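Below you'll find the structure, written out as structure tokens, and then a few comments.
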């Protein structure tokens, strides 16, 4: 299979395959290359950008990488945020005790060994010789303090991540090791620690005020922040004393542009090297250019339409199933997303713990949908689908397309109401289920790669965003939480997924793809968890 | 009344207006449904977490205490800390302000440098093709949505012809000035600066160019028909002097007032231009703050915008008084 | 208060000015389009035909690349095909990303722009004119208070304030049944017109101050007039004087300002829609925002055509305003705020 | 210029149908004529049609004399003045005529230039390039306008505006070439430089000093202080003095005073007129004094032209026009001034309105006929020809110029219908010539 890189001279040939996610395995994450690609090596046509002084693609002297995302950080405190963009920016400088590889597998971080103790606690044995960017050594006390700062409201700040590590009882620090005990059994402790919990230095946090901590970084990660321009850009240099060896990148620049077309333009003008969320219609422009290629990966984010179980007509299971039959997800993926998405049938994504491979999506069948609506007794009903604007890839268009398909049923009328994400979220997370929207589009990223992290918050009766109250499902989830045998736990979660499919609390839509545009000057592979790791990038 | 006293009187009035601005901005939060906590807490945060966050942000205090505290802090230059970023709003706002001011000034320069000669040429060549051209241009200018113009400019000059950068700020004007001191290539830095600022400045400046052209043209026509112009011609004064020193000067007096009032439009335009060009200024901060319900940042931005407006208008009034000495005595 | 002199002036200016003719023609065109949208639009503007998306306008057929993604053996692969995108005579201005007819959307967008422009102006005037007249007529403290409020109000750029208010208050919309569709004359068309009520209220609230300023100025100069003094001497009460003597004489500049304001509010509405602060999806600004992602990928028409529509309508209304100003009241200069 | 060409010029004048014994002067300008105007016509091309504001006007201005031009509002006298200095603006245009100006240097310069008519020391200014005409404003011609308030720029000090007038001449002397360039040697570049560089200005120190001097000469007290004041700080009379000072800046040969006292209080009027007289006596210049007030004429002028409907209807020495008045219009004007000797005499304004000057509406007859108390059949046939009494240098454009009025010839009272009714003296539009035209 020819790759696009080899092929862009005659890119006007009618049909062409461009290898991305899986296919790039041959280029390798660390290898940097087949070296056969003479054209990209020459870089001659970049000359005009030379005046910028920030263009990473010039010459061979310095390896500069620019990353442009949709939004900048919300401050540099790694424990005082709850969103992906900030995580990407602070994640260059901070690390956790565990980490994940590109596919989502758990790997060593600041702890080189980890184990579950007999009483269900987890213990991390810290790596030797890890230093913070300010030169101080990492201690077990720092790790203890960081965990406590996240989970306990009376330590440091009230962290929005306090639920992300499970219900922590206490943290103890020993000689080069840290033990975390939980209230009850925590079957997914390592999944949680591999995704969350960035380690900060206790003395540095305590000596500096909140404003300082949000403008400076002192982590142990591969990059050290050299310049922070709030809302504009963050500049990094490689941390020479990084325990895993300093990254190849000589200068890293993180910036943001909320407009996808602007990001693509910047990529094509060689002002940046990696851009996030390339919309489907821009893909061929990127691939058709000489300077960049699309690189996409199935993400850990699922898109769905929530239906509240306690209000008519959504209280009817038949009606909910009817809507699942009414929406032609395949067509939406094909036409709105140009194929950048996988159809889903259950809350858990393929590859995540608890995924049930035996569940098929509801087939698109308007006739069946109309029959079910009739049966539910809600024929002629008028419903409104609320959708956020611009939060997820093509969210408004997807909502409009789905609503249009529902509307074309003979016995249902459906309209779309667009909402600003923050105000929609305010309703979706309302403490009382009665204040939540009846029918809305939402996306959920499961960074822990564990089905329970979707099912529990979104579908258990105690979940913060739930639209469902089903004793059977609650029971299964409670069981899963207490089950120590991983295989048994998977079975329980699979059962829960089958139940969720049948109950149809959502119109199951699709798994979102992370679509990146990557400059041909660098070789970099995207990750399944939406994080960006330029330390693995190599110069082409 | 002397010019100094006049300036002082206007400044005192300005302080009153700024207080009004602060109060309105503060009141805004209480006529807005929903709690700011949702902006801070994650989607699946518990009620306990939410309450703890509210207490941390001081949102559990009664209204008048929050207001009093806000004014008290404000007088010391403290606008609180951003809910979202955890950073001092004062620093945040003053970090963003220069970018917006730079853009606004660049746009004004583009507008004024093009518009005044265009208006004068248009007025002095009335009903010539050049007048029709300028009239149509200015008509188009005041009728074109600037965000759309920005998109079209990017499409043509950045994407198709690759002359300018698509977005972002690159270097600021201070870098250009410092490049000499730092022995960096001045021309290179200047070109980089121009590559970034030109398109947003045109997108933002076009409306004003059009407006000033129209005002200048009609003002000049008005002034050129006045007796003193005929008298100046009768005494043999060079045309340049008659047009620019005499007629234009008097034309600009009302133009300046209108521009002062239109400063709000300039800042409003900057908000949307910044959005189109990813220009890291106050406008982007305002929109981000609104979308995130980041009240301290929103309040801080609005107060700074309002205060700038008041300041510039005091300045305009003083300039006006200088140009037209009779104003002071009214 | 339309005297024969006013009519004569209007006619005279109209005869003399080609631009006035152009302006009136544009405004009439937009008005007719807005009112009779269900009959002019060939398709329902919200109907999607996903398999007919991104069709170019007539005359712009071209070959372009389309890249899509598919899963093959668990791996994501992108496929780029050379596809012939042929304009469909059924879609004069082409279609957008969801296969909706651009021409129909432009036609219906005129409704939103015009309704918001006119209602917003009426609201702004109905707040600003009484306040301005009262302040200018009574002077003193009322006037001082008004001027300070006006100063504070002016200190917020209208777009910024509008964005803040709409962002914070939400984007409420009201469905107004379309009489033509209800009457069964155009069954294919949307049954109701979505009126973004918050937008109307907010643009009214941020623009009232221009009317207050003009009305105040007029009242200030009219209160000194002999006939006003005479009425007062005859014992007429203030409200009667304001209604019967001051308002009719102040109406000309208010009408001229109102025209300019309609144009300014149309621009403001499009800016709000563009930024996502609107309550309707049938708006030119919204289409530009939607089409913006397509501009650089070759589907220029999705953003360009609504932009041209805005430009032409605003040019038309501004020309109309110029004409009215020249004919009715040569003394005033447009200073109404715009986006 | 050769004789042959001169003849051609003369023939062209003759071929316009102007008889040799015209009331208007014709042919070669006399040696002591500073200015000789021949058949000057100025028209305005407006939406309403072509307006004949000045129609075939001819007169001479002699050395050291004050020539009065009198007429009602709209009679064309101000346009005549503007036409002399080429200040008529669109939609107006000088359509025909010659303006002979006596200037030996200029005549020398253009002698031999085919496009320019030169006769002895006189040059026809209508044939020289516009830049030359412009360069004569100031050193050759100056104008004093009717309303001093609007004739000064309100936002520039009086002193600087006078200094500008001085400076123009100073620079012209220093660099005569530049005066005729398009920008007079002062383009945008210099303007910007003067605006930006501190201490640089168009007007020089010495011009400012001269301005102070001039202000003193026209009788403004404390000129050193008043130079820095703005026009708004001056009274009307003081400002008119300042305008006279400004007009004197270039030391002109010809001063055109266009209703110089109309906008002023009666008491001030006399002062200004006296000032003009003094200046004329001191400096030996010629003045064209335009006014609607025969009283002013009587006090100031040596000779007088009476204008009506764009034409000169009567001209002559002051005495001949006042004593041997021919034209009923002049009689009317004279009747409208109070007679100092007979205060009981009733003022008799001229009935009716100034006729329309729109070309299409002008009848082919004496334009005054419908207002004329002595109108007769002969007046309606064709416009009367002008006649001149050579001895008194006195002429009129009226059939009565060469015969006595016989009341029997009078037209019936209601001949002009409603117009005849306008004899009501309150309908005084004709006489309150407060506005310039």
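Descriptive notes on the structure:
So that you can tell them apart, the chains are marked A, B, C and D in the order they are listed, and the count of residues begins at 1 in each.
Here is the rule we use: a contact is a pair of C-beta atoms (placed from the backbone, for glycine too) under 8 Å apart; a residue touches a chain by one contact, two chains touch by 3 or more.
Keep in mind the model is a prediction, meaning the values are calculated, not measured.
Using the contact threshold fixed earlier, the set of chains in contact with both chain A and chain D is B.
Comparing the CA-atom centres of all chains against that of chain A, the greatest distance is found for D.
Distance from per-chain Cα centroids to the pooled protein Cα centroid is smallest for B. Note: centroid distance chain A to chain C, computed from Cα atoms, is 40 Å.
The distance from the centre of chain C to the centre of chain D, each centre being the mean of the chain's C-alpha atoms, comes to 55 Å. Our note on geometry: chain A versus chain B, Cα centroid distance of 38 Å, whole angstroms.
Distance between chain B and chain D, defined via averaged C-alpha coordinates, is recorded as 53 Å. With touch defined as above, residues shared between interfaces to two or more other chains in chain B number as follows: 154, 159, 275, 291, 293. Contacts with at least two other chains are made by residues 259, 265, 420, 423 of chain A. Taken pair by pair, the chains that touch are A-B, A-C, B-C, B-D. Across the interface of their complex, chain C is touched by residues 11-23, 259-261, 264-265, 279-285, 287-288, 294, 296-298, 331-332, 334-336, 338-340, 342, 389-390, 396-397, 400-401, 404, 416-420, 423, 513 of chain A.
Looking at the complex, you find that chain C touches chain A at residues 46-48, 50-51, 53-54, 64-71, 73-82, 97-99, 167, 170-171, 173, 276, 281, 290, 292-299. Chain contact summary for the complex, chain B toward chain D: residues 126, 226-228, 230-241, 244-246, 249-250, 253, 323-326.
Listed in rising order, the residues of chain A touching chain B in the complex are 48, 51-54, 71, 73-75, 77, 80, 82, 153, 157-158, 160-163, 210-211, 213-215, 229-233, 255-259, 262, 265-266, 268-269, 271, 420-423, 425-426, 428-429, 431, 457, 463-465.
Chain C contributes residues 19, 148-149, 151-152, 154-160, 163-165, 167-170, 263, 267, 270-271, 274-275, 285, 288, 292, 295-296, 300, 303-304, 307, 310-311, 314-315, 318-319, 333-335, 337-339 to its touches with chain B in the complex.
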